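Alright, structures below, take your time with them.
The two complexes that follow have subunit A in common; it is paired with subunit B in the first and with subunit C in the second.
Our next item is the complex of A and B:
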C-alpha cells in the first residue's frame, strides 16, 4: 500500500513538474525569408499561436532573400548558433539532416496523414518525417485566354495548339508569337514534369540506377524535342515575354506577375491544369519547408515549442489563411475540404486548377547530390531546347553525367 | 675582412647560417636599436598605427585565404566528417570542362574589359581636364555610373538589352535609316554569342567613370611647368599629352590597371543579375560563378565546399601571378614625380 502511495506521489510530482515545465516561458527564434508583403500575414499566424500558447514567445527574424537566409543558416551551422527553426529548401538541409529535429514523430498519425501526398517524400529522411511543408507552389499551365478558348487536355492537343499558335504576324521571316515557352536553364523542373507525366524518374526507387533515359524519359524528351520549332526559349521570367508566347508552364507562385504582365500585353490570362501525359497528369511542387534544429544551443523546451508551432501552421485553417494571403497553396489535404478554401477557390477561378493540380503533385528527391543532378539537367535541357544537341543525345548525356554522382 | 662564420667560429650548423647572419647583420632589430634608439621609437609608432588595419587584414583576408587552401584539401561539408582528400578537389576541377570554360570566359572578359575601360577612361579624363565649363557636374555624372549599386545597374541594363523593347536595339534600328544599312535586332541576353559581350559593355560603362576620375585627379596634379616647358620647345597639344601627361600619369594608370585587372577576374554580380544565371548554354559562366555554384550558393547546386575552395585558390594563383608580373614589368615604366 505504502509503495503504491509513494509511486502515486512520485507520479503526481513528475506530472506536476512536467506540467510546470510545459508552461515555463520559452522563446524560440524563427528565421524566414518572407519579405514585407508576406510578413504581416506570417506575424498574424504567430500572434494567434502565441495567444494559444501564452508561455511561448516566437521571435520572427527576416533574414533577407532566400540566398541570404541560406548563407546565414550555413554560417550558423559553422558557428554553432542556429535558430530553433527556419524556413528551408530541401537542398539546404539535406547535407545537415543529422542535426534536424524530426517533427513527424511528435505529430499525431492524423496530422502526418493529412499532409498532401506529394509533399511527404521531400520531407522524409530515412523513413522519418523530419521537416514539414510550409510555402508551396505547383506548376500549372498559363495561357492567353483571348486566343485559347479551351486549354489543351493532352500532350497531343498541346502540340497541335502550340504549332497552330506559332505565327509570323508581320511576315518578316521571324516568329512573332510562339505556341509555348520554356526556361530550360533556369527551370529544369519543367523537364521533370514531362518526365514524371511520362512515368519516368531520374533514378530508380532505391537510387542505385539512373533511369532518366529509359522509355519514359525518351518519350518525354522526344515530345519536348518536337516542340522546339514552336517554343520560345529564354532564361528570363516568362512574364517578361508575355506577348511572345501563347501558353506556358510556370509555378503558381508567379500568378500575380504573370497576370499583370498579360494585362500589360493586352490579353486575359487563363490558368489550367497541365495536359495529361502518357502516364499521369502530375506536376512538380516547389517551395520551402520548416526545419527545427537539434543543436546544443537549443533546449528541449525550445524544440518542443517549435514543433508545436510547426503543427499549428499545418492546421487546416492556418495553412488556408496562409495560402489565401500569400498566394501559395495549402499543404494539407483537409485544408482543401474547408469551406473557407472552397469559397476562396469559387471566387478565384484560377485557384481551381492550382488546387486540383496540387493534389497531383510530386516533389524533388532528397538524394545528397540532387543539386548536381539539377545542374546537369539544366545544362543539357538548355542545350536540347536551343538545338545545340539532339534530344536523345542530350538525354543520354544527362544519364552518363548523373551516373558518377550515385557513387560519390 | 673576416666572414661572419669566421668571426663566430664553427659552432653554427651550416643550415642556420643565413638566418643567423641576418640576425647578426644590419637587419638585426637589437643591433639597429643599439645603433639608433630613436629608430625603434619611430617604427614602433608606425607599427602601432598599422596594427588595426593589420588585424582586420589578418582576420578577413589572410586567415580566410589560408583556410580556403586548407579546406581545398578536404571533402569539406558543413558538418564532419571531412576526410582529407589531398589534391582530389584540384584533380576534379582540372578535369571539369565547365571549369575551363568558365576560366576562358573570364579571360575573354578581362582581356577586353580592362584595356577598353582604361582607354576610354584616359579619353574621358583628358576631355574633362581640358577645362569644361561644368567640370564638377561632368565629374559627378561620370562617377554616378560607378557609385550606383551594380544590382540596380544590371536591372536597368536588362531592360536596355531587351530584344524587343530595349534602348540599344532601338538605337541600332535608327542606323537602318542610313541607305544600304540593315541591322537586325540583337537578342543580347538570349543569344550565346552576345551574352558575354553584353556583360562586357555594361562593365566598361560601369567602371569607366571611376577610372576617369582617378586619372583626372592625377592629371590635375601635374605641374604646369612641364607643359610650359613643352610649349617653349614647340610641342603641339597632342605631343604634350603624349610626352608629358601620359608619362607623368603612369602611377595612376598603374594603380587603375592593377585594380581593374583584379576586379575583373572576380566578375559575378553583373552576370548573375543581368543574365539571371550563367547565360544561354552557360556562355557567360565566369570563374566566380563556377566557385559559387560549386559552393551550393546559387542555382540550387550541391555544396562541394572543397571544390569551391580549390577553384578559389586557382583564381588567387592566377590573379597573384598576373599582379606580380604587372608589378615587375609595368612598374619599370612608372614615373613618380
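Our next item is the complex of A and C:
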C-alpha cells in the first residue's frame, strides 16, 4: 500500500514537473516575407495562437522579399543564428535538409493525412513529413470574359482560341492583342504545368535520369512552340499588360492585381481551371512552407513551440482564415469542407476554379539542385518562347544542362 | 550695310541656337522630371488608378489619405529616426576616417604606401553582395546584429572617398606644409586647419554621397536587423511590394515622404552637390 502511495506521489510529482516545464515561457522567432498587406492577418493568427498558448511568445520578423529572406536564411546558416522557424521555398532548404526539425512526427495521423495530397511530396524528406505548407497558390487560367464566353477545356481548344484572339486591330502589322501570354524567364513553372499535363517530369522517380526531353516533354514543348505566334512574352507581371492578352495562366494569388488590371483594361476577368492536357488537368502549386530549424541556438522548448504553431496554422479554420484574407489557398482537405470556405467560394465565384484546381495540384521536386535546374529551365524556356532557339533544341539543351546537376 | 546684315543674321542664328538649346534642355528637363511627376500623382491615386494603362497623369480625385494609410502600414516614425541617425553618424565617421587616410596616402611617406593603396583600391572590385554573408557572420560574432553598430561602424570607411580626397589633397602644394612646419604647426593642426578647409568642396562631396548612400541603404539594413525598431525607411518601402504585385499608390506616397529629407538636403547644398557630380562624374 505504502509503495503504491509513494509511486503515486512520485508520478504526480513527475507529471506536475513535466506540466510546469511544458508551460514555461518560451519565445520563438518566425521569419517571414509577408509584406504589409498580409502582415495584419498573419499577426491576427499569431495573436490567436498566443491566446491559446499563453506561455509562447512569437516574434514575427519581416525579412523583405522572398529573395531577401532566402539570403538572410543562407547567411544565418553560416553564422549559426537561424530563427526557430521560417517561411521557406522547397529549394531553399533541400540543401540544408539535415538541419530541419521534422514537424510531421509531432503531428497526429489525422493532421498529416489532412494535408492536400499535392503538397505532401514537396514537404517530405526521406519519407518523413519535415516541413508543412503555409501560403500556397495554384496556377489557373485567367481570361477576358468579355471576349471568351466559354473558357477552353482542352489544349486543342486553347490553341484554337489563342490563334483566333490574336489580332492586329489597326492593321499596322503589329499585333495589338495576343491570344495568350507567358512569363518564361520569371515563371518557368508555367512550362512545368504543361510538362506535367503531358505526363512528363524533369527527372525520373529516383532522380537518376533526366526525363524532361522524353515523349511527354516533347509534346509539351511542341505545343508551347506552336503557340509562339500567339503568345505575348514578358518578364513583367501579366497584370501590367492586361490589354495585350486574351487569356493566360498565372498564380491564383495574383487574382486581385489581375482583376484590377483587367478592369482598367476595360474588361471583366474570368477564372477557370486549366485546359486538360494529354495526361491530366494538373497544375503546379507554388508558395512557401514552414520549416523549424534543428540548430544549437534553438532549445527543445522553442522547437516544440514552433511545431505547435505549425500545427495551429494547419487547422481548418486557420488555413481558411488565412486563405480568405490573403488570396492564397487552404492547405488542408478538411478546410475545403468547412462551411466558412464553402460560403466564401459561393460568394466569390472565381474561387470555384481555384479550389478545384488546387486539389489537382502538384509541387516542385525536392532535389537539392532544383534551384539551379530552375535557372536552366527559365533561361531555356525564355529562349524558346522568344524564338531564340528551336523548341526541341531548347528542350534537349535543358536536359543536357540539367544532367550534370544529378551527380553534383 | 553688308556688315549690318551679317550682324543681324549672326544675332538671329545665335537666337535660334539658344532657342534650340532651351528646347533641348526643356525636353531633357521633362524627361528627368517625368518619373517624379508620376510618383507625385500616383501617390494620390486609387490602387486601380495607379495601375491604369496608359497612365493617368492627373487623377480625377486626389486621395491624400494614401499618405496616412502608407504611414500607418509600417512604423515610419521610427524608420525616419533610424535613417537620420544612421546616415548622420556614418557620414561624420566616414568623413573623419577618410580625411585621415587620404591625407596619409597623399602627403605622408611610409613603407608600402603605394602597395597598400593599390590593395585598398583593389577592394573596390569586389562586389558588395559577395561580402554580405561573411560580413553577416563577422557581425554576428561581434554581437552587433540588430544594433546600431552594425548599421554604422562598417560604413565609416569608404575606399572611394579615400581615393577621391587623396587626389584632391595631392593638388595642395607641399610648400604650405613647409611654411606651417616653420611656424611650428603640428601635422594634425595643419590637416584640420589648412588642408580640410582648402578641400571643402571635395569633403562635402564625400559627405553628400555618403549621406545619400546611407539614406538609401536597403539590403544591408535588412540583413543586419531583425526588429522593426532598428530598421530604416527603405526597408519600410519594401513592405508595399510582394511576389504577386505592388501597391503602387501607397508605395509612391511613402516614397514621396522618403525623398523629402533628401530634397531638403539638396536645396541647401545644391552648389556642392552639382560640383561633386561634376568632379566625380557620378550621379
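Here is the rule we go by: the second predicted complex is superposed on the first by the 395 of 408 C-alpha atoms of A that agree within 3 Å, B and C clash if a C-alpha of one lies under 4 Å from a C-alpha of the other, contacts with A are read in each partner's own complex, and residues count from 1 in each chain.
One rule holds for everything that comes next: a residue touches a chain if its C-beta (ideal position, glycine included) is under 8 Å from a C-beta of that chain, and two chains touch if they have at least 3 such contacts.
These figures come from a predicted structure and were not determined experimentally.
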> Now for A:66: first (subunit B), second (subunit C), both, or neither, which partner does it touch?
Replying inline: second
>> With both complexes superposed on chain A, which partner does A:208 reach: first (subunit B), second (subunit C), both or neither?
In response: neither
> In the superposed arrangement, does A:186 touch subunit B (first), subunit C (second), both or neither?
Replying inline: first
> Who does A:98 touch here: subunit B (first), subunit C (second), both, or neither?
Replying inline: first
>> Contact-wise, after the overlay, does A:78 reach subunit B, subunit C, both or neither (first, second, both, neither)?
In response: both
> Does subunit B (first) or subunit C (second) touch A:235, or do both, or does neither?
Replying inline: first
>> Which partner chains sit in contact with A:251 here, subunit B, subunit C, both or neither? Use first/second/both/neither.
In response: second
>> With the touch criterion stated at the top, can you tell me which subunit A residues are shared between the subunit B interface and the subunit C interface?
In response: 71, 74, 78, 237, 240, 243
> Which bits of subunit A are touching subunit C when the two form their complex?
Replying inline: 29, 33-39, 61-66, 68, 71-72, 74-76, 78-81, 137, 237, 239-243, 251, 253-254, 256-257, 260-261, 263-265, 327
> In the complex formed with subunit B, which residues of subunit A make contact?
Replying inline: 67, 70-71, 74, 77-78, 89, 91, 95-96, 98-99, 185-186, 233-237, 240, 243-244, 368-372, 374-375, 378-379, 382-383, 386, 388
> Which residues of subunit C touch subunit A in their complex?
Replying inline: 47-48, 51-53, 73-74, 132-133, 136-137, 140-141, 145, 219, 222-223, 226-228, 235, 238-245, 247
>> If we count contacts the way the header does, which residues on subunit B are in touch with subunit A in the complex?
In response: 77-79, 162, 164, 189-190, 192, 275-282, 293, 296-303
